[in-house]
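Next, two complexes with chain A in common: one pairs it with chain B, the other with chain C.
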Partner chain A sequence: MNNLTDNLELLTPEFALAGLAFLVFVVDLFLPKDRKGFLPWLSIAGLLALIAGSLVMLWDEEELLYDGLLAVDAFALFFKIFFMGLGVFIILSSMDFVKNKLDHQGEFYGILLFSILGMNIMAQSRELLTAYIALELLSFSLYVLAAYAKGDARSNESALKYIIIGAVSSAILLYGVSMVYSTVGVTKFDDIASALALAAEVSPALWVGVALILVGLMFKVSAVPFHMWAPDVYEGAPYPVTAYLAIGSKAAAFALILRLVAEGFVPAGDRWEQWQLIIAVLAGASMLVGNFVALAQKNLKRLMAYSSIGHVGFILAGIAALSSSSDLASNGVMFYLVGYSITNLVVFAAIISFFNMTGKEMIADLGGLADHQPFLAASMAMGMFSLAGLPIFAGFTIKFYLFTAVATEGLLWLAGLAIFSSLISLYYYLQIIRQMYIEPAPAADGGGDLLQAHPALTQRPSLTLLTVLGSGMAAIIWLGVYPKPLIDTIQAASRAILP
Partner chain B sequence: MNDFNQVALLLLIMVPLAGSLLMMFMPGEDKKEAWYFAIFVSGISLALSLIIFARYDYDLGGFQFIRTYEWLPGPLDINLSLGIDGISAPLVLLNGIILFGGVLISQTIKHRTRDFFVLLLALSAGVYGVFAVRDLFFLFFFYELAVLPMYLLIGVWGSSTDFGTFLRTKEYGAMKLILFLVAGSILVWVGILAVYVEAANNGAATFSLQGLGVLAQTGQFDPTFQTWVFPLFMVGFGVLAGLWPFHTWSPDGHVAAPTAVSMLHAGVLMKLGAYGIIRVGIFLLPEGADNWMPVLVSLGAVNVIYGAVSAMSQKDLKYIIGYSSVSHMGYVIIGIATLDNVGMGGAVLQMFSHGVMTGLMFLLVGAIYHQTHTRDIMVLKGLVGRMPVNSFFFAIAGLASLGLPGLSGFVAEFMVFVGAFRTYMPLAIIAVIGAALTAVYILRLLARTFLGEADPQWPDLKDASPIEMSVGAAFVGIIIFVGVWPEPLMRVINVGVQTIPGV
Partner chain C sequence: MVDLVWFQLLSAALFAIGIYGVMARRSAVLIVMSIELMLNAVNINLIAAASHMEGIGSFANFDGQLIAIFIITVAAAEVGLALAIILRMFRNKSTVNVDEIDLMKW
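Let's look at the complex of A and B:
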């Protein structure tokens, strides 16, 4: 056993991130009310510095810390950069909203930073309890964020639902961990793999233990049939938090699942196949349920919630296709996560700026948007086309890559199902485009002209949101046309976790 | 000039694509400048298409203008490989012609002009891409790119049709079209994945059409596998080709679309489907194709008859042309299904000929509709007095459509019939009957709409504008030229057709 303090300096970015979060809390105490706008910029500057620092410090580093509880490798680095980058853009898109609609700005950004810390550690942990603690750090931050609109009953309801479901799923996960520990006596991912491979037979307790761990994680990513909470929580939470839930927390949970499955289960070979089929079935169910139910939605946030359940199905299909013989599936999952997150970011940034202008959130309210907000409508339309998986946007390449990976691993039926659900999704994504481009603007509440009732609709979206939209759109096209640089990076990350 | 050959196809795809992207940043939505810019871009595209077609060396044959750009090497092996052969060369030319014509006559688009041309150019970049690539991924990429803008092009700039008892809205037409086409493309997508997996199982995972073609010719694809997968391509691409019974999106879509979009759609886009069946289905799965050809030829025969009979019962000019497209695509399908060098050559020539002919018809109908705001042949009458040139052009297009010797349609259909008589005699007879039915509805249309006394309802009806007239004249010229002297096209098509496996 090596010394616990060996290589501790490799965790500097995490310590610094925690420090940054505390710094934001402390500075918040001393800032007068009208100067709070400084805090998001402080957070962004800190995150950018951390991104640069991590890149310089951890590039090509491959170490295990705390006797193998945490890994510092290309996979962890990839996701850390990804999460902190997402954090920057989430903060950029929340600034207006937080300033105008929420109290206690300082804590909002502080808690957001803590949740990013949780996500970073999730991507690094290679032991069940460490992973659990990181997951809880993320979840607790999110509970608070979901309840952030104190005065809004829907926000409270949403947070309450989220806490209860979150607690139940954590309990299930923890119970699974304890069952696995009681049967094989280890909690590190690679030890689980060798225990599984060596065991003469998989005892029922072990089988149930692994299944419970998977179920707990399926709750977190809101896969069918554990998805019921997502639409309600999404609908009630403040807008930037909904965006964050849909983009950040999901990606982090998948980073954890990816490492757990790739290091803990895939090396066990045949033993893994019994759970693999369960994941494949859940993936198929998520695609179908998410996309079919989305057809009936009228609220933008609920629509995005069901759409994200459908996309979770696609990503889970990639998880089911993970194998030790090829890195296609794990590349595909990471590529999908990046492309999907960026696309979702653009869509949510557009929805947030629409909400900032009008306070409306129904699909029907989008009518005529292309006339008075052409840029907003174009970015939203690009996001929708990308989510539907059409070229020249990121959605096409990520789907093609992931589905090819799934098909190559002998799951052609699942790939076929995924392609079929993409067709279903096209219908509701097109409905949004139709509202914006074809339908005329609806009348304002209580009659009258929409533009007079909401003069903000004739003004430009704020610069911060424009930055998010512009860079997001550029990234969507870049990934859709020339993804090679990203895929090369992802391939290096895959090699770190696959045997 | 060899340097030009190296980049010719890349330019061909990139010019409209870059034009489309550039135009997005043009200030002002409804300005005339957008139209001028689109003319400029599509003019370059046409010039490039002409040069490429002229420089295609038919003595040499095979794929030319070959160039490969690395895109995603490694396990997936996707590369942007470009190259055209005798089958795609005439279709590239066709796209150049129709696009340029379509853009020229689009000065009537006053609402969000810029966005219209952004989408139109993106669409045509997709069409060029499909014809010019030799990689399954990129073929599918451009195929979807060509389909995607249709929704907005029809939904925003289209027109609804009032049937008296019910209204066929443009939104309906657009949504129906896009759902049908994407449903078709999911079959294609599954087929592509199946072929890739099969190739990977044979130790040669690649998306390169060339690499896969070698596997196919050396018999590495199991015949049972081929028989299972070929229908995915046949039906998937067939949807876009208007294959019965998956054709119903096509008349509704054509009718709802604005003129330029109808032209491109019936003129070029439907050909992508037929091209896909040849390039992907028959080239990669020759044995599967062989087994399914009797089915395909029967469906093609149904297309011919069903389209013609439907056209006979329509009253709307655009619906008549829409159904006549379905009927004419039937000849293309029959020609392909014969797997006979004459029949297949006829099919490719028919794609070209029908593209120009149908483009011309939609153009002329657009010119009429723009002034009268009706397309009902029961209402319109005696147009020849007010619009002599328009009527004359329409008569030429109509006669080409019913296969009058001396016009392009005759040569193509005749070759298809020869091919069909050699292979599927009874169906060939049905197809010939279909040609007779075409005469019925075309002549009825000509007689009702153009001949007779002029209707006083539109006293100031003007003939086609000078631009429409010159585009129309060019199209008429092509129809007659190909009808009298098909050799320049046929010698290129023939070298292409010879390489098709099983022909």
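Let's look at the complex of A and C:
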């Protein structure tokens, strides 16, 4: 056992991120009300500095910290950069909304930074308790953010539903941890793997423990049949928080699941194969339920919630296809997470700027958007095409890579199901494009001209949102046409977690 | 020493009562109390397992107690947050009955 304070400097990015969050809280106390607009820029500058710092400091590092509780490796670095980059874009797209619609701007960004810290540690942790604490840091921040519109009963309701479901799922996860601990006496992922592989006969208590841990995590990523909270929470939460829930929290939960499965279950050999089928069934159910129920939605946020449940199904299919013989599935999962997050970011940035202009959130309200806001409509259309998986956009390459991986690993039926549900999803994504480009503009509430009721519709979206839309669209095309550099990075990250 | 299985039975029973409470109670505050019950069932399980476990060398295996301390702390924070959100709900809607908290469905 090495000394616990060895290599502590490798955690500098995390310490600095916590410091940045506290700094935002403190600076917020001293800024006058009209100068709060400084805080998001402070957070963005801090995050960019941290991204650069981590890249310089942690490049090619392969270390275990605290006797193996935390790993500093290519996988952790990849997700760290990814989460902090997402944080930058989420802050950029939430600035206008937070300024105009929410109280207590400073704390919003501080809490957002804390949740990014939780996500970073989730990608690094190699032990159940550490993973749980990091997960709770993320979840607690999200509960607060979901309740952020204090006077709005819908935001309260969404936060109440979220915290109750979140706490129950944490309790289930912890009960699984306690079952695993009481049967094998270890909580580190690699120790669990050797306990699973070595035992002549795995006791039922251990199976129950592993199952409960998986159920707890499935709640967090809202896989069917543990998905019922997601649409309500997404609908009620303030817009940037919905975007963050759909993009960040899911990616972080999948980073944790990926490491847990790759380090804890896959090395157990045929004992992992017994689990593959169960995860594959959950994946198939998520794809079908998410995409079919999305067909009936009228509210944009609920539509995105069900669409994200469908995408969770695709990613879970990749998790089910993980194997010790090849890194194809784990590459596919990470590639999908990146491409899906960027696409979703563009879609949500477009929805947020539409909401900032009109305060409306139904799909029918999008009518005529292409006439007043051609750029917004174009970016939303591009995001929808990418989500549906049409070529030259990121959505095509990520789906192609992931489904190929799933099929190669012997889950051909699941890949077929994924392609089928992907086709179904095309219908509701195209509905939105039809609404924007073909349908006429709806009348304003109580009759009258829409443009007169909402003069903001004739002005261009704010510069920050345009930045997010522009760079997101560029990234979608780039990933759709030339994904090789990203895939090379992802392969290095995969090698760090797979046996 | 009492056999480990009795503790596990107690913990499983408490956990089941907690889940029942979450599903059957109508008041949000009582739901939060039921969640506490679930978390304490986990603590019993962990502490009993740790005290029945053989250590490595001269060290006792006390990971279970450690995890329990963390869970107690996190649970306290969780209740604080949940009560704050319930209070907001009560200010805005004058009810904490979860049957009436139904602005969003399907």
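Simple rule for what comes next: the second predicted complex is superposed on the first by the 499 of 499 C-alpha atoms of A that agree within 3 Å, B and C clash if a C-alpha of one lies under 4 Å from a C-alpha of the other, contacts with A are read in each partner's own complex, and residues count from 1 in each chain.
We take it that a contact is a pair of C-beta atoms (placed from the backbone, for glycine too) under 8 Å apart; a residue touches a chain by one contact, two chains touch by 3 or more.
Keep in mind that this is a model prediction, so the values were computed, not measured.
Steric overlap between chain B and chain C is absent once the structures are superposed on chain A; the two fit side by side. By the touch criterion stated above, A:Leu423 is placed in contact with chain B alone, chain C being left untouched. After overlaying the two complexes on the shared chain, residue contacts for A:Tyr143 are found with chain C alone; chain B is out of touch. With both structures placed on the common chain, the touch criterion links A:Leu412 to chain B but leaves chain C unconnected. Once the two structures are overlaid on chain A, chain A sits at the apex of an angle of 140° toward chain B and chain C, using CA centres and rounding to a multiple of 10. By the document's definition of touching, of the two partners only chain C reaches A:Ile163; chain B does not.
By the touch criterion defined above, A:Gly185 reaches chain C but does not reach chain B.
Once the two complexes are overlaid on the shared chain, A:Lys484 sits against chain B while remaining clear of chain C. Judged by the touch definition given at the top, the superposed model places A:Ser326 against chain B, while chain C stays out of reach.
Between chain B and chain C, the shortest distance over C-alpha atoms in the superposed arrangement works out to 26 Å. Listed in rising order, the residues of chain A touching chain C in the complex are 129, 132-133, 136, 140, 143-144, 147, 150-154, 156-161, 163-164, 167-168, 170-172, 174-175, 177-179, 181-182, 185-187, 205, 231-232, 235-236. Across the complex, chain A is touched by residues 4, 8, 11, 15, 18-19, 22, 28, 31-32, 35, 38-39, 41-42, 45-46, 48-50, 53-54, 61, 63-64, 66-67, 70-71, 74, 77-78, 81-82, 84-86, 88-89, 92-93, 98, 101, 103-106 of chain C. Residue ranges of chain A in contact with chain B, taken from their complex: 326-328, 374, 378, 385, 390-392, 396, 400-401, 403-404, 407-408, 412, 415-416, 419-420, 422-423, 426-427, 430, 433-434, 437-438, 482-484, 487, 491. Chain B contributes residues 24, 29, 70-72, 74-76, 126, 137, 140-142, 144-145, 148, 151-152, 155-156, 171, 175, 178-179, 182-183, 186, 189-190, 193-194, 196-197, 200, 205 to its touches with chain A in the complex.
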